Structure formats: structure tokens, C-alpha cells
Amino acid sequence: MGKNRLEAFSDGVIAIIITIMVLELKVPHGADFKVLLPLWPVFMSYVLSFIYVGIYWNNHHHMLHVVQQISGGVLWANLHLLFWLSLTPFVTAWMGENHFQTAPVAAYGFVLLMCAIAYTILARALTAHHRENKALADAIGRDTKGWISIALYVTGIALSLWYPWIGFALYICVAIIWLVPDTRIEKRVA
Amino acid sequence: MGKNRLEAFSDGVIAIIITIMVLELKVPHGADFKVLLPLWPVFMSYVLSFIYVGIYWNNHHHMLHVVQQISGGVLWANLHLLFWLSLTPFVTAWMGENHFQTAPVAAYGFVLLMCAIAYTILARALTAHHRENKALADAIGRDTKGWISIALYVTGIALSLWYPWIGFALYICVAIIWLVPDTRIEKRVA
Amino acid sequence: MGKNRLEAFSDGVIAIIITIMVLELKVPHGADFKVLLPLWPVFMSYVLSFIYVGIYWNNHHHMLHVVQQISGGVLWANLHLLFWLSLTPFVTAWMGENHFQTAPVAAYGFVLLMCAIAYTILARALTAHHRENKALADAIGRDTKGWISIALYVTGIALSLWYPWIGFALYICVAIIWLVPDTRIEKRVA
Amino acid sequence: MGKNRLEAFSDGVIAIIITIMVLELKVPHGADFKVLLPLWPVFMSYVLSFIYVGIYWNNHHHMLHVVQQISGGVLWANLHLLFWLSLTPFVTAWMGENHFQTAPVAAYGFVLLMCAIAYTILARALTAHHRENKALADAIGRDTKGWISIALYVTGIALSLWYPWIGFALYICVAIIWLVPDTRIEKRVA
């Protein structure tokens, strides 16, 4: 099976996820600048989620760039990742509307954690199907960033039950770690 | 006519269908974990529909993979399938919000049934246009899975009028049957 | 300029238009079949609009199939068509929610009329840019169907001010005329 | 990295942005033409934003047409542009619902300004990656239109605090300036 439609479908779903989140920025009543102020937690959540979904799109792009063929297992591992990403708008809105309280911040971290796990499963499914593709296998094999992220998410979820802002800060840290694109694969290709 | 735009358009519509369903997961009021509990029927409906739409995308992908040219009839058979798929978010939300009661579960099954029939019509339209394409014709000819699904849907709709949970369980069975990708076509290609 | 991105962007916009219309089918309160009954005008509007948008996508597909290069004018003629198509969900919902009363049926016809005019402008822009492309120029030159449609829309809008159902019936007639794909171009290509 | 997925993803996001704005045109209660009248400010906002997003799509199309390879920096510069574009529906709705009052018109201008700055950053990121691509570098180097736009936005934002209609008129002027496609690049290619 070729990868083109998988990429096109994933691009479509990710494009919709990243865009419908803005619908949670409800248009305020009133025409003063000060009616925008209460929107800042929703806006901050939106910014972080936009960056996260952007990171997933970037890394998805990089990872599929080095493969040519995909199996049925990869199709489902990819849908599994899209499923958890599709829950991002829900937890983003819940966290923003409740001003970063305990439970919503933990739930947000949980969805991020599941996305990270789903991404790891997709990477494994791709390597299983491309054992001969050294560029992919080697690059994903040393998945230090991935494991650090998962550790930070788990810590963030646990801490957010007492100090939600520390949890939120840890999620920002993970985003910063990933904002640097996945140069492992780029270097291998070069 | 080439198939590229048909695939791109179908990918777009299916990507939107699979993603807007999550908008029915309304952000709850309150910041406790317990406000998430009443969402479980909507969430379960969402999970099942996500899997169903994923199955249709996968099979659509497989079926169009083995053809090159499409006719006007195929374009309309495809739009007919997309029409019934587009009703999935509606019945998903109705079933979830009413906690799997009789009528919504039957309506959900009816839309699944119509999708299955529309998929069969699309398969027939493709084979009519590709009589020489033995790979496609033979593969679709032994459409055992398709007929079992239709039988299970009809049984599920009928039973759901008395025992909606049995209907729902049957719809899950059909999903499990199809989760295995359509290896008939993969084998033929190999 | 190549036509690929124009097609991809148009596919995306048309896919979203055809899909978000279903969001107007509001999930009813109550779990009986009889709560579905009041939805029939919205559903009928949805079906007609789905067919119309499908017709535009099909014809757009056919028309762009025979050209290779596009100009800046074509880009804007295409955006102009997408603009009027994007108003379809609005008039569809207005017509459905008001049970096919006078003003909404006329407004629906007006948007259809503007789509038809925009499509004609796009066809002219394409032929202006492809004077040497006889297949395209000849086919579009004998635009009988297009002129009949515009005449039927104008009649439908006028009549709908007194007998909205006759207006609605005329819009259905136009859809039936176009359901037959634009064989003019197909024949030329053959 | 190839540019195809960047284009496909951007097309998807821009297609969704341009289409979901129409959802702010809320279906009015009542079936008279006169219930449409109060919608005119929202409709005018929608028309202007549709044109703006169309301009960005056109220029994005033109600019990426002359490059072949993209870097990680370009991916993020592109996401940054999409972020500001994604705020367009929010400010469009706020401006329309408040009948072009002071603060919403200034906020609308601010988002347009940030889009223009983000577009400039994307152009710089592309030229940094394509120093040898004279066609791109020269064309973007004389970015007169871009600087005039930014100056008009800043003036419009400032004036809109006292005379919002003048601010709005200036935003329309910028749109008119850009409605002429970016012939700089087209000429270079020729």
C-alpha cells in the first residue's frame, strides 16, 4: 500500500483538529477590550494545543518521509494516534474554561500522554514493516526524547493533582523539547 | 477520469466526519473528574463511530487502490456512500445523549446498514467499470464479510427495539469483523 | 501556475461545505422515533443541498480535468464560486427550519443562482486562458444546460414568492438535469 | 524535505478557516426577508475575511510555487502564519456582531497585522533556505506591497480607536492592493 492517502487523510484530520479548537474561543458579548481579558486561559490553552498538534504534524511528516510502503497495522496505528489527537480540543477547552484547575490539567496531560504512546506505537509499527530501512529503525531506536516526554507527562499529571500550574509548566517543557524538529531522521537522510 | 480527486475529496469528507463527531463531546461544567462520568455514553458512541468511519476509510483506500479509472457512475456511488457516512455524527450523538435507548440504537444501526449497502453499490459500480480487472472483480465477488455485516445489522436493528444493548453489541461485532483489513484485495495484489 | 493546489483547495472547501451542513440536523431531545419527524424539512433541505454541492464538485472536477495551467483570474473566479457555495449551509438551514416558506425558498434559489453564475464566470475565465484548448472551449460554448438552469432558478425565485413549493420543485428539476454528469467534456476527451 | 505535505496541510487549514467563518452567520429566527437585515454587519465582515483568507491562500500558493525544498524553520514559520490566520474567524465574528465598533475593529486589524508579519517571516525563512534561488530572493526583496500593507494596518488600528469606519476602510484598501495577484513572482518565473 502506498503512503500518499495515509498522509493526505492524516493531514486532513490534523488540519481540522488544529482549526476547530479555535471555535472554543467564544466570541464575547460587549465591544470593549476588557471583555477579551477573561478569555486568556482559553487562549493560552489554545496556543499550547496549537503548538502540540503542530509538533505532531511535523514529526508525523518527518517519520513518514523516510518510508515508502505501509501495512494494515500502520493504518490502524495511525488512526489510533488520530483518535487521541482528536480528543485534544475537548481537554483544551475543559482546561481553559476552568482556569487550569486540578482535574482538567491532569486530563489534558493524560491525553498528551496517550498521544505520545500512540505515536510510539506508530513508530514501532513502521519499523516492524521496514526492518531493512536502517535510517528509520536506527533513528527511532534511540528514542530518548520520546521517553523523556512520557516521564515528564506522568510527572506532570501526578503533580497537577496538587499543583496544576507545575503540571502545566511541565507540558510546556515537553513542547519546548519537541519544538526542535526531529533532526535524528533529517541527519540520517542527509 | 482519474481517481486522484475522488480520493482527495473522499479523504476530506471522511476526515471532517471523523473529527466533527468529537464536537458532540460537550465540555462539561465543573472542574471535577466526576463531571466526566456522565459523558461515558457519548464517549462510547464516539469510539465506536470513530472505529466505523476508520474502517470505511481503510476499505475505501484498499478498494480504490486496485483501480485506475473511474466513471461518472462511480462518482455518484461514492457521493451516496459519503452521504450516509455524513449522517453518522447525527445518530452517534443521538444514541450517546440518550444512553443507548431503543430508538436511537435502531437509528444508529439503520445508518450503518445504509453505509454498508452504499459501499456494496460502490463496489458494484467499480466492478461494472473494470470488468477486465480480475483482481477487483474476484475479490469483491466473494463478499462474505459484507453479507454477514448486513445480516448482523438487520438483526441488530430488529433486536434493538426490545434489547438495545444486544443491538449495540452486534454493531461492535461487525466492527471487530472488519477491523481485520480487507486482506482479500491485498492478497490478490501480491 | 499548476492546477493541483487549486483542485486540492477547492476539494477541501467543498468537502467542508458538504459536511458542515449536517450540523444543522440538530440532535433532538427525546429518544422516540417521533422526535425525528419534525426534522424532515431540515433533512430534505440537507439532501437537496448535498446533491447540489455534489453536482458542483463533479462538474468542477470534469472542467478542470481538461486544463493544465491556470491564471490569476481563474484563481479568483474559483474563489468567487467557493464564496457562493459557502453560503449554501446558511440558506439550507434557513429554508429547512422555516418549513419551506416564501422568503427562505427564494433566498435558497438566489444562492443557487449566484453559484450558477459564478460557475459560468469560472468557465469563461478558463476558456479565456485556454483559447487553443478546443475541447474545453467547444464544450463550454454550447452551455445549454447552464442557461436552462439559470432560467429555471430565476423562475423558481419569482414563483417562490407566491408558491414556495413550486420554486422548490423547480430547484429539484435543475438538480435532476445536472445529475447526469457533464458528458459534453467526457465525449470531447474521448 | 519536500513541500507537498506542507502545501496540503496549509490548504486544509486555510480551507477550514475560510469555511467555518460562515458558521458565524447564525440562521435567523423568522421567515421574512427583513430578518436578514440585522445580519449585514456579520455578512460584510465575512466577505472581507473571505477575501483576505483567499489572498493569503493565493500568495502562499505563488510563493511556494517557486521553491522545491523546505527546512524545519519554514515548517514552523508556516505554522505561525496559520496560527494568526486561525484567529481570523474569531475577530471577524466579534467585529460583525458589534457592528464595527472601536475595539473589535482594532482587534481585527491587529490580527491582520500579525498575519502580514507572519507572512513576511515565512518569506524570510524561505529565502534563507533558498539563497541560490534568485527568482524568489529578488522578488521578495522588493516587498513594497508588504510594507505598505503593514503601514496601512498600523494606521488603521490607530485610527479605528476614534473612527472605526476609517480603520475598516483602510483594511479594505489593503485587500484591494493585494487582489491583484503577486505578479512579481509570476514575472520572474516567466
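Which chain is which? They are A, B, C and D, in the order written, and residues in each are numbered from 1.
Here, contacts are C-beta pairs under 8 Å (C-beta built on N, C-alpha and C of every residue); 3 or more make two chains touch, one makes a residue touch a chain.
Every value quoted in this text rests on a predicted model; they were computed, and no experiment measured them.
Annotation, subunit A versus subunit C: rotation angle of 180 degrees from the Cα superposition, expressed as a multiple of 5. Taking each chain's centre as the mean of its CA atoms, D is the chain most distant from subunit B. Homomeric contact subunit B/subunit C: same residue numbering on both sides for under half of the interface positions. One finds 37 Å separating the Cα centroids of subunit B and subunit D. Between the CA-based centres of subunit A and subunit B the separation comes to 26 Å, rounded to the whole angstrom. Among the residues of subunit B, those in touch with two or more other chains are 8, 12, 15-16, 20, 23. Listed in rising order, the residues of subunit B touching subunit A in the complex are 7-8, 11-12, 14-16, 18-20, 22-23, 25, 27-28, 30-33, 36, 47, 50, 54, 57-58, 61-62, 65, 179, 181, 183, 186. Interface residues of subunit D, counted against subunit A in their complex, comprise 1-2, 5-6, 8-9, 12-13, 15-17, 20, 23-24, 72, 75-76, 79, 82-83, 86-87, 89-90, 93-94, 97-98, 101-104, 106-107.
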